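Paired with subunit B in one complex and with subunit C in the other, subunit A is shared by the two complexes that follow.
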Partner chain A sequence: MEKFSFKDVLILFAGTIITIGIAWVLLTVTGFVPREIGKLFFEGAVVGQRNILNTLNIATPYILTSIATVVSFRVGMFNIGINGSMYIGGLYAAWAGYKFTSLGHIPHVSLCIAIAVITGSLWMLLPALLKVYAGVSEIISTIILNFVAVLFVSYMANGPFRADPIAPATPRILETAELKQYFPNSQFNSGFFIAVIIAFLTYFILKKTTFGYELRSGGDGLVGFYPSRYSSYLGIPSDRSAITGMLISGGLGGLAGGIEILGNARYFYQELLFNQGFDGILIAIVGKLEPIGGLIASLFWSALRNGGLFVDYKTEVSREIVVILLSILIFFVSAQKLVSSLERFKFVRKLDAFFTRKIK
Partner chain B sequence: MTQNNIETAVEVKNITKSYPGVTANDSVDFKVLKGEIHALVGENGAGKSTLVKILYGIEQPDSGEIFINDKPVEINKVDKAIELGIGMVHQEFHLVPSFTAAENIGLGQEPRNSRGFIDWDELNSEVSNIAKKYGLDVDPKLRMIDASVGIQQRTEILKTLYRNANILILDEPTAVLTPQETDELFEVIRSLVDEGKTVIFITHKLREVMEISDRVTVMRDGKVQGVSNTKDTSPEELAKLMVGREVFMQVEKEEAKPTEKVLEVKNLWVHDSRGLLAVKNLSLDVHKGEIVGIAGVDGNGQTELVEALSGLRPTSKGEVIFDGKNIESISPRKRRRAGLAHVPEDRANTGLNLKLDIWENLVGTSYFRSPLSKGGIISMKNVVDHSNNLREKFDIRTPGVFVRTGSLSGGNQQKVVIARELSEDPLLTIASQPTRGVDIGNIEAIHKQLVEIRDSGKAVLLVSAELDEVMSVADRVAVIYEGEIVEWVNPKDVDQQQMGLYMAGIKD
Partner chain C sequence: MEWLEIFDISLFRSLIRSATPIALIGFGAAMCSASGVLNIGLEGKMLNAAFVGIAASYYSGSALTGFIWGVSAGVLTAILFGVLSFNLGADEVLVGLAINIFSIAGTRYLLETLFKRRGFFSDPSIQGIDPINFEFLVDTRFEKILSGYTPSIYLVFFLAIVLYLVYYKTRLGTAIRATGENPEAAEDAGINTLRMKWLTVIFSGVLAGIGGTFLSLENMTLFTEGMSAGKGYIGLVASSFGNNTPIGTFGASLFFGLGDAIGIRLQGVYELDSRLILMVPYALTVVVLILIGIRQRIRVRPVPIPEQ
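Here is the complex of A and B:
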């Protein structure tokens, strides 16, 4: 992954215009007025307190799962199992939320979050150890663990943690375990702030600490080629870095699941569907595998999603159109060859140099 | 060269090619006459590779014209270059190891029999015919995995001839060869020219330029510095054109004054990655104040020996005693802390992480220490100061230390490695192929640094396949062949020919 540059902005811009063009065609042939739909879409994404809050609320798990992806890629591991960690973390956050009855608000929420992080993290221990000590591809093991996670939480919600005789669900979490919702018209809750803090904290740790340096030196840019010879040559314990990175990645996945339960759903039920763990991989790549990039890309992504939901709610346009458009956009943004082919234009090179200097 | 023939085979006029931040070719004019051996010399990053990549259709120039056989052409892809009769032998061979020579040569253009299947007999006989015609001794049925580097190279040359190349571009062809193999290659080149081919020979070894070429073009900083008939010039003059100043072809140094022993290797046995014995019962010692050289053709156990000494590869048997302590089972970091630095032969994957910024690579051995970091938090100010100091001291040419290391030229990447390794003031520096892919000006600087380390009372173990390098820099030289030391020599008492024999495992 190359460094972020002006070319990327240009491609994003061009991609957006082309995507809008395609949307125009799609909407026209299905009998809608594109201009009106576009206006609704924009309104749903970023206009008005309620819509903005909803966009931010949707962004919370994306921020965390994209950063989980960033961390795993940076140590050279391709973790596809973040979704599994989300389920596990969510389930145990719910369990801790109803189980501990005599705690104050702050201790109880903290405990629930800690348990979500720890369980999500431990979920990744097996693939990490298998990779480092037996050479089992983490791609395979984490994909498999996603299925295991879904079946496991579904069993737990149906069996040991089941409370409701009619529906397979855990009891509702206690009020002391809830992440606070501040506004009556939105589910926006304090989990968003946790996610933003995590983004900046991850940036700081990766870039500014020796621990982060050790994590990155082994795997940066080497997903699929881990372990690099560079870190063993310098005597940096790359095995330890790889395992730690996977555990952090899983922990962030667990945190995403926990916040979804403590802030939004408030109980865990069998039909609960998480897919932010997968989207997080795409978002992380759009964000150039940087924590702050992941944060920005998550907000962008959520605005599009929320705009789509708004259109879906207000009109007959099917929400699948939004998914199609998002996919086209991702296509452009991740087209590295297109990005580098822009270098043939002189003005692009000039602007690139200009912005690079500005950043320094 | 046939003097009365003035037809040109290749002519480029006013070629300019820029990459972000550098102009690799700046209004280059380059002319090769039909039937000549034309040497193209210059430091790494001088623009030679870019120029031949443009000729071979790998890169497109920003502006300028190309003429092949006096006709203007546009070479927009490799296929087009091949169609025009241009062939290129890259520095890294592009061969399928499990295929035979003939299969590699015919790949993509296999002759078909009447039923549409590949006609292997036809292919094999055609290959041996071409091979015979040009004196290229290659068995068409030999699998490349079993072939020596010299044979692989000849196969590459045959590949271009099979595609009817008339203009052959050889990119640093002698870098991987023994002196004997180099002589054989030169005979092949001469017979190619006798048969009417034109050869463009890229190198930075001036001795070879003098020996083989008819004319020579020198490049520096993307510009052509001069074109001359080889017989009218001298190595000193060419070197001056290449680096833009006088260079000393010999390393200036005084007699070594070795003191106490710093490294002792006793009866060392090491296996390679495939589990085969690579180092067999090898013993050597290195003293403070001397440079010990290990000469030998690549792949005779040097890699495994160095990796075992630096802690990257387990030893099977034997002892490694460093500064009075046994170190064969301690980690690379502990060896570094004890004062053992290592410049690895593979800088792209081992010595550096090219995806990291320059400063990140420069602090790889010291980031965890004050003042670069305190309590686990990196002090960016101190790190940047430290990096800029090293950048200045070792003359690393870069716009800044926040640049991705992979974007530097090979020579500058190597300077990053050396700067980092020497910044710790080590007792012993193991330098493995320290000047591979590095240009003359920087080679000189690196050699000087090695001698300086020695003169400051520290030790150097220099492993190199570059015979000139070992002979001029080292004070004592061990010749390694198939994992064993064939002979210890004093570089002053032995000539190249004798060394060539030792390197081939022949001892008197």
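Here is the complex of A and C:
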């Protein structure tokens, strides 16, 4: 992918304005006062310690799933199954959280996280192998595995891992397995820092190491977004990097699920709903498939989400409006020809050149 | 051998009912894939159609109105897909995904805003589409097998034949296949490939619309959140399993329908956990994907990489 350019920022900005316009109309038609909803929205997103902490807490899984998307897309694999990895990782993190007694805090948390990462990444093994060795579209196999994962964890929470006779849920995880919550008024926990570290680590590995170069070169020959065998011609095994990338991506998804359990929910229950895997894909695209871009976009996205939750809680407006608006925004951002048509304007070309020089 | 008892006429009927939405999506997906379009957005088109269909039927009190609106919703979503990916140069897969996410959120939003419901919507004033009973089959041995299905089910059988003829016996079918197989050659031969792609995408939108209204107005008369439940994707797998041909897709859909129907029946016999039964179609899809993989592995030899 090319670097962020002024065009992209402009289209993001224009898209946002149009999306806000659509929101305005939608709210007015359904009988709300847009200005007041907007004010509430802003308050819920970033005003006050509690709301800010909640926004950051919501951002944690988004950061991880968007980076999982970045990694898989960069190796030329369209991993849509991150949500499935999240469920699997979350389930087994909960299992490890109550199963292993008499461990210290740090070993226990590390063990839970390791199990979440490993199970999440193993979940992606089959699609990766199918793609590389038999040419089966990983898009479809990972999507289908999402459905399998949801039903599987729901079965496990109901059957083998069930503790509570009334509610289908696992036992609560032990205190030693909990990720620390620092504030009494928010579930904000140390998982956020793990996510941020992972974001910078991914940036470093992808950009500065040989391993990262090998990974990227599997996908840099993308025609549009589709993997080609370009890197094979350079002597880099693109098959191997495709599988590795897919496993890393699944592992990050598992980590996202694990942190949700260890930091927020503290036990796995049947109704637990993860959607961050899907949103992570859209976030990664807004972030131009860059780890740091994904981090920033995740924070932006979770602010909107949290604002939406606040509005949903305070008024009759459905929280889904946020997702609707964001997918409309994605329509704008992904429309490449719309972006490149901006080059028609002289000032866009000039500013583009200006910013490109700055980055170099 | 109590498990053998499940193979009876009601299993057959349940098989046909389960296979219908998958086949409808599958036909659309097969045509799209044949013209070189990977249409991930079928799931969203189906969901939109299911919701709009039931909303229109609720407000108008007429099943036909519901059907027409539902199909229009499918077509409109298809047009959105086409405009974004053909005219505005967006990536097909991304647009498809965004459409699916948009549709899940959009239907849920409308469910809460219009009907003040969460989860599902059902109302006595919703008119469903009635099954067709053939008078001339009454009291014959074929009555139980052939009569009493809803219109879409008959449409699927009809489409399997018509599409087969179009696909192999007409210029249009050849043009569609040429577009997918070798776009440059097709252009040289004077085929407007963009028009072919548009045609298949709109066609798949119509079928996804019918599939959506089948779910909400024919099979049942209610709407539940995310009621398409991956059928859009399973349809894609069915078309891929059937080599993107009409008859192959139809066969694959029947296979999926059979798995679904057996799962439902076994649940009654053995009192299995309902989640395991719900998993059957997806697990079956994974198995089919593996089979597709093995088939491709046998058929396609990997291209050797030239020495530097």
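Following the convention adopted for this analysis, the second predicted complex is superposed on the first by the 350 of 360 C-alpha atoms of A that agree within 3 Å, B and C clash if a C-alpha of one lies under 4 Å from a C-alpha of the other, contacts with A are read in each partner's own complex, and residues count from 1 in each chain.
Heads up, the rule we're going with is that a contact is a pair of C-beta atoms (placed from the backbone, for glycine too) under 8 Å apart; a residue touches a chain by one contact, two chains touch by 3 or more.
Being a predicted model, the structure only gives us computed values, none of them experimental.
Using the contact criterion defined above for the overlaid structures, shared-chain residue A:264 touches neither subunit B nor subunit C, since it reaches no partner. Using the contact criterion defined above for the overlaid structures, shared-chain residue A:147 touches subunit C, although it does not reach subunit B.
Between subunit B and subunit C, C touches the greater number of residues of subunit A.
Contacts of A:352 after superposition on the shared chain: subunit B is touched, whereas subunit C is not. By the document's definition of touching, of the two partners only subunit B reaches A:213; subunit C does not. In the superposition on chain A, no contact is made by A:244 with either subunit B or subunit C. Contacts of A:334 after superposition on the shared chain: subunit C is touched, whereas subunit B is not.
In the superposition on chain A, A:187 makes contact with neither subunit B nor subunit C. Of the two partner chains, subunit C is the only one that A:133 touches; subunit B does not reach it.
Comparing the two complexes, residues 229, 232-233, 235 of subunit A contact subunit B in one case and subunit C in the other. Contact residues of subunit A toward subunit B in the complex are 3, 208-211, 213, 216-217, 220-222, 228-236, 343, 349, 352-353, 360.
Residues of subunit A touching subunit C in their complex: 30, 78, 80, 126, 130, 133-137, 139-141, 143-145, 147-148, 151-152, 154-155, 158-159, 224-225, 229, 232-233, 235, 278-279, 281-282, 285, 318, 320-321, 323-324, 327-328, 330-331, 334-338, 340. Across the complex, subunit A is touched by residues 18-21, 310-312, 331-336, 342, 344, 346, 349-356, 360, 363-365, 367-368, 373, 376-378, 380, 400, 402, 404 of subunit B. Taken in their complex, subunit C has these residues touching subunit A: 38, 40, 80, 84, 87-91, 93-95, 97-99, 101-102, 104-106, 108-109, 112-113, 229-230, 233-234, 236-237, 240, 273, 275-276, 278-279, 282-283, 285-286, 289-290, 292-294, 296-297, 300, 303, 305-306, 308.
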